[in-house]
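Please see the structure below; I have some questions.
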Amino acid sequence: MASTYDQYREEMIGRANVADTPELVAYYQRLQSLGTGALWTVANKIEPWEPASTSVPYLWRYRDLREDVLRSLELVTPEQAGRRVVYLENPGRADVVAAVGWLYSGLQVMGPGECASSHRHSASALRFIMEGSGAFTNVDGHKMTLGANDFVLTPNGTWHEHGVSEDGTVCIWQDGLDIPLMNALDANFYEVHPELQQAISFPVNDSLGMWAGSALRPAGVTWTKPYSPLLKYEWGPTYEALLRYASVSEGSPYDGLLMEYVNPHTGGPVMPTIGASMQMLRAGQHTKAHRHTGSFVYQCAKGRGYSIINGQRFDWQERDIFVVPSWCWHEHVNLSEGEDACLFTFNDLPVMRSLGIYREEAFGENGGHQPILA
Amino acid sequence: MASTYDQYREEMIGRANVADTPELVAYYQRLQSLGTGALWTVANKIEPWEPASTSVPYLWRYRDLREDVLRSLELVTPEQAGRRVVYLENPGRADVVAAVGWLYSGLQVMGPGECASSHRHSASALRFIMEGSGAFTNVDGHKMTLGANDFVLTPNGTWHEHGVSEDGTVCIWQDGLDIPLMNALDANFYEVHPELQQAISFPVNDSLGMWAGSALRPAGVTWTKPYSPLLKYEWGPTYEALLRYASVSEGSPYDGLLMEYVNPHTGGPVMPTIGASMQMLRAGQHTKAHRHTGSFVYQCAKGRGYSIINGQRFDWQERDIFVVPSWCWHEHVNLSEGEDACLFTFNDLPVMRSLGIYREEAFGENGGHQPILA
Amino acid sequence: MASTYDQYREEMIGRANVADTPELVAYYQRLQSLGTGALWTVANKIEPWEPASTSVPYLWRYRDLREDVLRSLELVTPEQAGRRVVYLENPGRADVVAAVGWLYSGLQVMGPGECASSHRHSASALRFIMEGSGAFTNVDGHKMTLGANDFVLTPNGTWHEHGVSEDGTVCIWQDGLDIPLMNALDANFYEVHPELQQAISFPVNDSLGMWAGSALRPAGVTWTKPYSPLLKYEWGPTYEALLRYASVSEGSPYDGLLMEYVNPHTGGPVMPTIGASMQMLRAGQHTKAHRHTGSFVYQCAKGRGYSIINGQRFDWQERDIFVVPSWCWHEHVNLSEGEDACLFTFNDLPVMRSLGIYREEAFGENGGHQPILA
Amino acid sequence: MASTYDQYREEMIGRANVADTPELVAYYQRLQSLGTGALWTVANKIEPWEPASTSVPYLWRYRDLREDVLRSLELVTPEQAGRRVVYLENPGRADVVAAVGWLYSGLQVMGPGECASSHRHSASALRFIMEGSGAFTNVDGHKMTLGANDFVLTPNGTWHEHGVSEDGTVCIWQDGLDIPLMNALDANFYEVHPELQQAISFPVNDSLGMWAGSALRPAGVTWTKPYSPLLKYEWGPTYEALLRYASVSEGSPYDGLLMEYVNPHTGGPVMPTIGASMQMLRAGQHTKAHRHTGSFVYQCAKGRGYSIINGQRFDWQERDIFVVPSWCWHEHVNLSEGEDACLFTFNDLPVMRSLGIYREEAFGENGGHQPILA
């Protein structure tokens, strides 16, 4: 066991390059006994030239998962399970139960007449409705009704509960949370509502009546919370906005027509730690590749196509979910020649931006397109 | 002429109360010769107990003005006049050509095929369309088409020009500017476009495609100007938003259902010095009286009713314009039992708020309603 | 009296250029009877090419005023006068009792043992100490002791009172307020303290112990007011900071070594409507001329020199006060070859910046120096 | 191995409580094969009731480490090692080379005439000088000289290099960085300066001349970076500020007299991801216990005492370093009856605040003092 400390050496000025010697190894061992170590034995490891995420690009096909998600209806009740969810596990992030980076995602299913108990937590959360009718969410007394491709917030610290009305059908939606980040930051708190269910304190869908106008706000209404007062973003107006955007702009060569959901009170992200967006790829569009910091979970909301992520092709159709880890090259293709395709994402961009560590880079070679790895 | 300096005396501790004496008058005269004065001779005048605006409540009936506005079509050309506008002159503010406070307003008229030359100025400006078809405005290369009750911005420092298309009709709109404020602050600059007309550099109405979505923003589009990137606010979606607001909220007892037009990039006012709003009064609604700092110009966009301003009743119907000076009591009445009424306003609230001097007060007596003065 | 409406004509496309005719004059008269007017008769007047302030450059020599200021000690008591102040009246702004623009200034005098009654108002206020010992100010229970060249805030809405301790001497200080602006904006409120004197609720000079550290703030202390929590800026550390600044920077060619007093909680201006600064001119320095929007009141705090304002030379020495109106060219000269000179200013820059109307321009000819007008 | 999935069950409504059955285990295994899992098998683990940091409270005594730190002078050169540093390894965070949470810390040593090569990285960094004379740091061309207890920034993205002048002595300082956080967020970039050394482009210590004044800023100097323009915070003025603070305030019952180092441009934290503070404990002071989110690294800058962290006593004297993990109870004691004691900290509070997850709680029992665990 001569040499075990010099495995990260690099032959370059400005980088650590110290070969083990018996004297040094003895020194390292002594340092270890003092709760310390020599930086130069690990410096090149902990200061990589660029990010090398432990998350891997991955895609979950909805048709592979749907049956098992539905089966959980028979296997457990919401009372037993708390929430009846099949979570998505990134092969590189199983230890922290993340779909990518520090973002958790899962598919939740509820049947007509079911309603989960109310709770709150430090994690910020969202739902994106995949199928079924009659789903609702209650956030701090604001009840919202939900349909396919609607996007709803249950922000950090809000009491919330989900359910499906008696006259609804089985509903499936995607949950997105930053539970792993809250745990990593040693800041996760959890509470069950003392009465298990909260009252509905406001007219149904009231946050839309107040805050969903186009560039209008209710006068005299104060808002001091760090997240959006608008809690639901409906698919209909979102798709219309994308069509209008498409009619006046080329959009981005990397992202097509990408609109971020925003907090109408500030113009900023919907929640301090999670952002979300919907993007449209025109019929036949093939975007150029770029990469940036931040972890992204995508769901195909409309159409079919594929994405190339770090040289690997992932084909998707409606309801498929895939992830792009931080600093991975990615480009998207709409395989339809006649129809647009839409991708929903949630991500940790607000964290990147708040902390000043957002960075992006275009793929410069080959006309901006990655070669696909065999 | 014994005593001319002690006209503002008040018999109260903490207020100036100095009677003229020959010795004092001689002293005052000496001070005057030095470019100075004794504060106590003017203190009670310049430090009133509360604001006493020189502006007066006033209403201009559109049916009284319309014919004369149209007549200017025959009397002057846009080339001669610069802009063919009948301005509204508050009896208390004729010296600064203001409709109220430091806000200018006028009715502009253009015929089919006319287009004014392009200019820019420090004053922030807006238009509110009153009648006609085919009106357009071009702001820094962004052309917008305009219909009745549309609200459009021409912010501080932007090149802009107005016109009516060949296939349009005679159009009349209300202009709103803070020319008097810019003059008062010694900060007004004016420039004529070197080529008199600017190019149309973007797709028509592009700012709506980019920024008029409900709580959505185009990703990657930067905006660093202090005013809204959305330049036109259309009547249709605004009225729908008011109806939705009405379905979930009582609104304000003083203002009914009042929504402020906002800058979607920030959630703040549309321009740094001028704000704007549209408010709905339900059928039969009679609001309670309040008062606040800030000067307001109203135009009735829909319906009919009256407002009581400092005890004086002003009846209005569609297209009538009236003003509420700062710190004047005001309440509004919708005279229709079946239809809502809508009031557009522009105002200097952003100035009040930026400078930290917004203040408001409810009328406490008589159930919140002012007695009407004979 | 044929023609009285066309006095502002300009022969340039884009400007109003309509000659009076009998028909037009009749039209104008009719408009007047309706509370309106034709914009083109006044457009060139109210939209000048650049600001033309009604304020004039002016200088008040302290040696001319001091005796009269002191004489007021015998003529009136603080009880009678409210405050015993000789105010500075700009020849162009006598109607609004302003020293320049919308800024008021005056010289206040108090004798040992005197204390004015406590009041508050919408106007923001400051004092700059000129001479004497034992002066103090109490702001919302925070008492501060004051010496020459100390700068103290009494912000909008704070209860405040001034006095001189029994063991002090006669004290003179300069008051600066934006009373004229508050009146112009119809937002001025005034209140006398119900008990005439307020208690001292905190340790003397406590705001310095809390907030005067260099880039340090007391943890856990919240501050939500729109003005600085630091209420006094002492001359000693200010002068030292200027010397340190001079040792590492050339400063500005137009202003020498100019430091703005800031709100340590935000890094922004000390109050929302009034800013202040202290600038040092090196021995023999002659700055270049520039002009900008915003009104400035200067007091020479140290040394002697002159300023050229719109071509007119104004010589100053310690305690002299002069004003530079908005958009006037100005440059400064330190006449000492061995000593630095220091100029204190207060100004309305925060208003210019909040409203987005700050603009500046360098004097381009003659090496940056104005010719002095005969 | 019948049951391996139900180890986190909790018997409480609102928590997951599903016992393994053969059918469920088969289901779980099938889910695993699909890159998924059942949330209820891990929900109680990933959603704890409150944070349970893997970091442990820990103290490194300087007298235990100093000799080994100095010995590295003989063992490696800066050229070989990149930086000659002994890092502090929290027993619970060895995998990420962190002293606590996501914060790295180490003791760096350099001899006279040594200078490390210049580099930059996404991690934000700081130094706190422990002993020696002649140390300097160059940040983007701004060279600073450093003495004991001085605190210096090398922010995210700045080129920086450290050294000791020829006429100096051996110097030791503490490094603080958020390398682990940048790695965790997949956002760490590293670059070596192309010329290995950068030029000194500004007068030495110029950032102090510009920005270290008390509530003063150089006019006309723009600053758009997200970190402080003041790069060095000297011990002398910091200690004086603490003494002045102590003279006017009780300070906090939990922290004594704690001042945060701030960015003078904004009043906010010195860097977006790392904050720092200096706190004074009065002679004999024993603070009350509290806990909060955020990870803290302390160094005793003056005096001696002890801290109780989650019931464990850690005695410290000058130069000792200890850590308080997130949500750990802590209270501090100054053991001297005649002298104050000072503790420097750096921490991730700016992250907690930017992301909206700061929370704190007082220890309610036993007069606010923790029982010390055996």
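Chains: A, B, C and D, in written order; residue numbering restarts at 1 for each.
Keep in mind that, in the parts below, a residue touches a chain if its C-beta (ideal position, glycine included) is under 8 Å from a C-beta of that chain, and two chains touch if they have at least 3 such contacts.
Each chain and its UniProt protein: A, B, C, D = Gentisate 1,2-dioxygenase.
The structure presented is a predicted model; accordingly, all values stated were derived computationally and were not measured.
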| item | value |
| --- | --- |
| Minimum number of chain-to-chain contact steps, chain B to chain D | 2 |
| Centroid distance [mean C-alpha coordinates] between chain C and chain A, Å | 53 |
| Rounded Å distance between chain C and chain D, as computed from the means of their C-alpha atoms | 44 |
| Whole-Å gap separating chain A and chain D, where each centre is the average of the chain's CA atoms | 29 |
| Overlap residues in chain C, where contacts from two or more other chains coincide | none |
| Chain contact topology (line, ring, star, complete or other) | ring |
| Residues of chain A touching chain B in the complex | 202-203, 205-206, 208-220, 228, 230, 233, 237-238, 240-241, 244-249, 251-252, 255, 257-267, 277-279 |
| Residue ranges of chain B touching chain C (in the complex, touch as defined) | 12-18, 23-24, 27, 30-32, 34-40, 42-43, 46-53, 55, 58, 60, 64-65, 68, 71-72, 75-76, 79-91, 96-97, 101-102, 104, 106, 117-119, 121-123, 156, 179-180, 182-193, 196, 226-227, 272-273, 293, 295, 325-327, 348, 351-352, 354-357, 359 |
